Amino acid sequence: MSAMVPIEHSLILAFLLFFIGAAGVLIRRNLITVLMSIELMLNSANLLFVAASRQVGNVEGQVMMSFVILIAACEAAIGLAMVIAIFRRYGNIKTEFLRALRG
Amino acid sequence: MMQLPVLDETAVQIIATIVKFLVVLVGVLHIPPVMIWVERRVPALMQRRRGPNRVGFFKWRLWGLLQTLADAVKLIFKEESVPGSAYKGFFHLAPLIGLLPTLLFVSAIPFGPAIEIGGWKIPLSVIELDIGLLFILAVTGVGVYGVTLAGWASNGKFSLLGSLRASAQMISYEIPLGLSLIPLVLIYGSLNLQQLILAQSSVWKWGIFLSPISFLIFLICMFAETNRAPFDLSEGESELVAGFHTEYGSAKFALFFLGEYVAMFALSCLCSVLFFGGWQIPFVAHEQLVSLTGSVNIAALCGVMALLLKAAFFMWLYVWVRWTLPRFRYDQLMKIGWKFLLPLGLANVCVTALVLAALA
Amino acid sequence: MHPYLPVLLVLSVALVIGLVMSFLSAFLGPKRPSAVKQEVFECGVAPIGSRERMSVRFYMTAILFILFDIETVFLYLWARTFKSLGWFGIVEIFLFVTILVAGYVYVLKRKALEWD
Amino acid sequence: MVEVWFFYFFAAIAVVASLGVILLRNPVAAAMLLVVTLCALAAEYVLLGAEFSAAIQVLVYAGAIVILFTFVIMMLNLGQEEVGQLAGFSKWALLLFMLGGAGVILIQRLSMGALPPGVPGGAASDNTYEVGMALFTKYLWPFELASLLILLALIASVVIARKPTFPSRDA
């Protein structure tokens, strides 16, 4: 494996993914899609970790990546538990119904 | 005379990979017809019935073997009926999504030691990875989607309930499945399936002797993962019609069948690889076999036969158990998975580690 | 050859063959759709559809699955490095497993896994 | 060079599929496209020589987290009508984002080659061992704390999802 993917490619891809994820959080009204967009953003961070790990030639980026996956799993578990609780309370999961914290 | 193009290593291996995969594919395509025949004749024997014995040419009936052939032809030429309320795209894709992971799984099994053809060394597994065990676990994990999607896309009561049940069952038993393999990694120190086989060089180093509890857990999970009796709640015909594939017919139904039997075969192979020395013939070292037969390739083929025989035993076990044990209730199923196998698996890992560390 | 190239090859070959197989009957079989035939099967009664909501226990199972799946992955990492880490690794992983077992016991106590 | 083309191929799949995730109306379709994105990223990890990362990406992300998503979607039985709409300020936000994105990509392209070339690694080999060694020695405490995080997540999700703590509005 002589040829190596330059890190700039990974950076651009990670940026695009983060961007799409952030756009998803902003434009969707549905909580589940919002959570999925957050997963996209976490994945872009993961890609950066792995690419950086390749760039500097040690595996610590991959260790970080496994921590990020762990956090993503916890986030998904709690986030979806909240989705279920919200669904019970309001009968749907559109974000504009969540006004309880607005003054 | 035509000049043959000079092939380099990469080209040879790519061609070999495709050829090997096609061989495996043709092989596994024969499993469902044969197994369905076995599943009809064996219970007939057990229950003193005759089983299917009518289909045949003139007076040759071949013990009903042609019945499954007739069934296959019938399935393919049936009308395909799609429920009007179904989500069409996923309805058509779901059998395929279910089949692909199992094909990847069976491709990762090392069927034998490497053979040599024209000076090229060709390993007898389609996919050989250093993290083979993790790859297999990952692939089984993704395999749940076929079931989930099939039930959801059919948009019917029975299918949805069946698919939720089946997928909850599959994910519940994936944890003990994963845990049961950790002691083997602890003992043999590798995730590569070929190296795991080579580490079990003599019969007394087989996984089943070094870690019998693992084998027990793996065996139970094997049945649960494929939704087979006694864990076939997802298609309990008395309550759920047929479970997640209620709405499927014709070739797509056949694909589900194929997927189920390929998964059974792959798990049987994995069980033989991890606990019964894979392609190694008991009490005959591979080197002895090579010097005895005088050829690496013939010895390798003997190895393949040994693995297939071991796997065939577990396929037989599937049938045997199916016609012996009654079905569990769903709460019992979940109880076994979460309250018995999970703690047992964890304890097994801990004890194995302690013993290994004490011995070292 | 890259060790992962076969994965790609298998996937593409299997995809092509699977697509052919799953659309075989669309060409070979007859097509005579009717309104009744296209209803979902509910034992012959007029279907009422699947608009009911499922038990929250399926979700509980899935959550437990995720968290223990992660644990299994870390256990694999440890198993792979077990021979180098020795007792140090055992102490470490036992701490990890103990904390998780505490969570498991909590879930059992809250009866989140009871299927009645 | 072949690797770079493979990288482009999977990058294209990841981007198109992730666009589908945020734009499709059907939540199950979005979840399936999320799986496609995750698998494409796993392929990128393999190309970057991170075999173990690719494995847990598929094992945990595609095989567990997204299954939880599908379960919740199927459990709440979210039809298309409940999930469809975009938020009110969507068009402007999208436009702004697109512009910003194009700008950053431009900068990225211009700075191409400014970073030093990385350390050449081998082919994808079994790096599980090295990852494990780093995790269990240098990252010992983060690892133990991670188990506390899992414990918290376990307790929190059981508490939140198990029973409604206050009467439902539409009940």
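Here are a few things to note about the model shown:
Should a chain be cited, it is by its letter among A, B, C and D, assigned in written order, with residues numbered from 1 in that chain.
In this section, a residue touches a chain if its C-beta (ideal position, glycine included) is under 8 Å from a C-beta of that chain, and two chains touch if they have at least 3 such contacts.
Because the structure is a prediction, the values reported are computed rather than measured.
In terms of C-beta pairs in contact, A-D outnumbers the other of B-D and A-D. Centrality annotation: C (chain centre taken as mean Cα position, compared with the mean over all protein Cα atoms).
Chain B and chain D have CA centres that are 29 Å apart. Rounded to whole angstrom units, the spacing between the C-alpha centres of chain A and chain D is 5. Mean C-alpha positions place chain B and chain C at a centre distance of 16 Å. In this assembly, the C-alpha centroid of chain A lies 34 Å from the C-alpha centroid of chain B.
Multi-chain contact residues of chain B, defined as those touching 2 or more other chains: 129-130, 134, 137, 141, 160, 164, 168, 171, 191.
Each of the following residues of chain C touches two or more other chains: 2-4, 50, 52, 54, 56, 58-59, 62-67, 69-70, 73-74, 76-77, 80, 104. In chain A, the residues touching two or more other chains are 1, 66, 69-70, 73-74, 76-77, 80-81, 84. The complete set of chain-chain contacts reads A-C, A-D, B-C, B-D, C-D.
Put simply, chain D touches chain A in their complex at residues 1-4, 7-8, 11, 14-15, 18-19, 21-22, 27, 30-31, 34, 37-38, 41, 44-45, 47-50, 52-53, 56-57, 60-61, 64-65, 68-69, 72-73, 75-76, 78, 82-87, 89-90, 93-94, 97, 100-101, 104-105, 108-109, 111-113, 115, 117-124, 127, 130-131, 134-135, 138-139, 142, 146, 149-150, 152-154, 156-158, 160-161, 164-166, 168-170.
Across the complex, chain C is touched by residues 43, 46, 52, 56, 59-60, 63-65, 67-68, 71-72, 74-77, 123-124, 128-129, 131-133, 135-137, 140, 143-144, 147-148, 150-151, 153-155, 157-158, 161-162 of chain D.
Only residues 1, 3-7, 9-11, 13-15, 17-19, 21-26, 28-33, 35, 37-43, 47-50, 52, 54, 58, 61-62, 64-65, 68-69, 72, 75-76, 79-80, 82-83, 86-87, 90, 93-94, 97, 101, 104, 108, 113-116 of chain C touch chain B when the two sit together in their complex. Against chain C, the residues of chain A that register as touching in their complex are 1, 66, 69-70, 73-74, 76-77, 80-81, 84. Here chain A touches chain D in the complex through residues 1-13, 15-17, 19-24, 26-30, 32-33, 35-37, 39-40, 43, 46-47, 50-51, 53-63, 65-67, 69-74, 76-78, 80-85, 87-96, going by the rule given at the top.
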